[in-house]
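Both of the next two complexes hold chain A, though its partner changes from chain B to chain C.
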Partner chain A sequence: MSANIFDRRRVNGPPRSVEPLYTDEGDVKPFTNGGRADGRSLDQLRPIFIKTGPLAVQPTFSPTAPSGSAYYEQGKIRISCAVYGPRQGRKSNPRMGSFDCDFQYAPFSCSWKRRPHIKGADEKEIALILEQAMAPAIRLEAYPKACIDAFVTVIESDGKFATISAAINCISAALADAGIELYDIVAACSMSLNASQWVSDCNQAEEDVSQCSLFVSRMPSADEITYLLQQGKTMPDQTDRAVQTCSNSCARVYAVLSRYLQASMEQPAS
Partner chain B sequence: MDVDMESQDTRDIASRIVTPGSVITNDTAFMRGHGTFAERTTIYSSVAGAVERINKLVSVRPLKQRYSGEIGDIIVGRITEVASKRWRVDVNSRQDGILLLSSINLPGGIQRRKSESDELQMRTFFAEGDLVFAEVQSYFADGALSLHTRSLQYGKLRNGTFVTVFPQLVPRSRSHFHTLPCGVDIVLGVNGYIWVSKHVPASKVEENSELIYSDKNEFISDDERETIARIANCIHLLNRLYVKITDTSIIFAYEASLTHAVKDLLTREIAIDLAHNVKTRLEQQS
Partner chain C sequence: MSSESVIVTPGRRLGLTQEYESGPGTYVRNGMIYSSILGTKKIEQALAETSDDSIKRPMLFVERQNTKFAIPVIGSEILGRVVRINPRAASVAIMMVDSAPCQEDFQGIVRVQDIRATEKDLVQMINSFRPGDIIRAEVISLGDQRSYFLATTKNEHGVVFAQSEAGNSMIPISWEEMQDPKTQTIEKRKCAKPVT
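Take a look at the complex of A and B:
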């Protein structure tokens, strides 16, 4: 391309391009001879990592900084959440505070396709699910006329249901970090049905081949379920069993969350 | 004092770290305070923090909390909206505070009736984004704070820089306006907003009442700017390392910081070193 006919209206790539090298993951079957590809047992969760306060802006601790934030990892899932408030909102209910949630996949977060930066219908739907799962745990009547906002960004996702439940855990940690009054910490866990066997905390490959996925979010010390979502067909007794197992897993997630929060209170980050 | 004759279980209530939803006590003798909620006879924690007990009142103090105002508090706020006969002020609280036109001093004539022309030129007193130094006068029915600036020491802030800290680090004290020996004025708002500015003698403002609502900075020399920046950084580091912020702690931090350049004060090692220094000096003093 000669210089005088250079097209300035478009992004011009280099004249020569090289195809990127792909790592060949092969055609990994998620379930081979009864076990899982990553070697976990059927009810084993992926390891969890939490950190509160990663988004507190330092040193300029400014009024625009979130009042609480959290970063959460579960296997390959990486989520960050910022909580603002309680603060003055545009809509104000004189009796109760309002809780709003915003959920967004980062453009590079889903390995199978690039996400547009404009929110899709599924992101809005998940935001609504998160709102409904978290709202019962927040003491909104303690914050009349105020507004609490949570902004969730998925940095890497691995399994839709697992990502939603990880997002719930992440919001819980961020709300607790912000010092917002809660009835309980909400812990969530997902499950999928594969060959009439329930498998906990499935990743994308495992969810893809499953006939049914569900997640349960729970307030373990209050012993209440705040949200239950199932996609796919099962027999009623199968769902019963799954909810039972999920509840147990939630208790384990809860233990991790509360142990972390206690430790972070004793040793405030500098 | 039946409180002293309690079982082992209830005596270790205090100074325990709890998370939301954890049981604090089943004993009906206790009353629930802030940061807790009760269901039937059990008291649960609603925030993550340390349990505190004063006689029979059990409360949980979180690490971070938003400012909740009390009448008489001296605060710093930022105007967010000019409404009819009032300004909305961000006071780092759950709701915006409100500053009524009738609770400010108008230039010229302390007790002048507020006329319609004052309503029309409200922006000449306070415009959006201005910082105000005010006192909490009362609450509105919905819990919003009503502020007033009816004293010459209150009013618009200028000639300086703004610092935000955790509100619980600023204790309520007799005076919240200090002139430090290094020639810097500080306003310690109990809502966690702090203003650090060049020292301007009060007599100068009293002489010329037009200065109360002035938007213009006075001339600030490079040395003064550096001192202001140093004080601001000292407050930042005290906040970061969770040290009480009072005029004494700021002076201690300032004196200890003089051996370092202003820009290095917030590096981790120096900050920890200085904060430790301030803590030991504060302990020696008390």
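Take a look at the complex of A and C:
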């Protein structure tokens, strides 16, 4: 790399580089000896980490500063979300505000293939799912003519359905951080069917071998499901069972979210 | 009023509508008051003097310390900068709503017929506002697709800060004139009555 062909348009790497550390996961087949590869029980979720306000900028009222942001981890899934608004949008409805969502995988987020920078059809579809899952929870009538935007970036993905539900939880935390008026915090959880057994919060390897995947997003205080998506074939009673189990898991995620949010408000005061 | 501060998350049940009035940061569903923002639960006792025939209930509200993002609604008082003018309307970048700053400017317009309350037909835009003026105005309508409609018909509304052509900030000398203290030139504006 000589100095005269220095590429100014892109972020250049440092002059010296070190080989990354690879985790040796090998080719562990999921569900080989009856249990899960990571030793979880069938309805156990991966541990969750949340932090609100990682993208906060000083001063708070600069136009580039998001009004709220959140970082979310669930096992290997890492997602960040920034919420802007309420602000003036291009489309305006005098009675209600509008909520827009943007979803993007980072180019390196899926370990099995490199993602292009340009948004694909699946990312646009997931953005729409997120929009529809979150919009019922936002008190849009409190923001006439205004627009609320959420920008979700997946830093690392592990299981499509698990990533979508993690994104929903992340947006919830970011909206609460932004002080947007909400009916409730939306919590989501995913499940996959493997050998007629429902397995909670599957990673990519587990989702790949499953016949059916499903996720539920829920507002627990109103006991309302905001979104339900199933991919694959099941019997009706199997889906019933899954929705029931997912709802219970959502309550657990909700508890984690609200406990964290409460603690985040307590911290600056003390 | 409450002795200990309780931090609540959106969707937390706070009380019954029979016992409390629902205040900012809360909403009502099925006779229950729920929190709608992340913040501290507060109860404000109703003033004893407001002697309506109905019994006043204490107000339950959720307060958030750091940030409140204002959006204009009908009736709110705004501060904004005149961006450009034409003979029919002045477009304004709304910077503050009531006393809360906006994170990003909202767009508003003052139509020529909304500048003052009387002799509307004689109002001329050029004698009322100039680009760069800071004005106080009221939101009269959520307006069209693009902008909020503003009015400066009240005495307290109009130009609060303006610079002369020489670039000095001017002093209002009447409700429709401002004077540059250095060059003594007089320019016409729809001045706001100073609020004490």
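Brief remarks follow.
Criterion: the second predicted complex is superposed on the first by the 239 of 270 C-alpha atoms of A that agree within 3 Å, B and C clash if a C-alpha of one lies under 4 Å from a C-alpha of the other, contacts with A are read in each partner's own complex, and residues count from 1 in each chain.
Basically, a contact is a pair of C-beta atoms (placed from the backbone, for glycine too) under 8 Å apart; a residue touches a chain by one contact, two chains touch by 3 or more.
Since we're looking at a predicted model, the values are computed, not measured.
Partners chain B and chain C, once the complexes are superposed on chain A, run into each other and clash. When the two structures are aligned on the shared chain, A:Pro30 is found in touch with neither chain B nor chain C.
In the superposition on chain A, A:Pro136 contacts neither chain B nor chain C. Of the two partner chains, neither chain B nor chain C is touched by A:Gly159.
By the touch criterion defined above, A:Gly75 lies against neither chain B nor chain C after alignment on the C-alpha atoms of chain A.
Using the contact criterion defined above for the overlaid structures, shared-chain residue A:Gln88 touches chain B and also reaches chain C. On chain A, the surface patch touched by chain B in one complex and by chain C in the other comprises residues 60-61, 63, 67, 85-88, 94, 137, 139, 142-146, 176-185, 219-222, 257-258, 261-262, 265-266, 268. Interface residues of chain A facing chain B in the complex, by the touch rule stated above, are 58-63, 67-68, 85-88, 94, 137, 139, 142-146, 176-185, 219-222, 257-258, 261-262, 265-266, 268, 270. Remark: chain B residues 17-23, 35, 37, 44, 46-50, 62-66, 78, 88, 90, 92, 94-96, 142-144, 164-165, 233, 236-237, 239-242, 266, 268, 271-272 touch chain A in the complex.
Residues of chain C touching chain A in their complex: 7-13, 25, 27, 29, 34, 36-40, 64-69, 71, 73, 101, 103-107, 142, 145-146, 148.
Within the complex formed with chain C, the residues of chain A that make contact are 60-61, 63, 65, 67, 85-88, 92, 94, 137, 139, 142-146, 176-185, 219-222, 257-258, 261-262, 265-266, 268.
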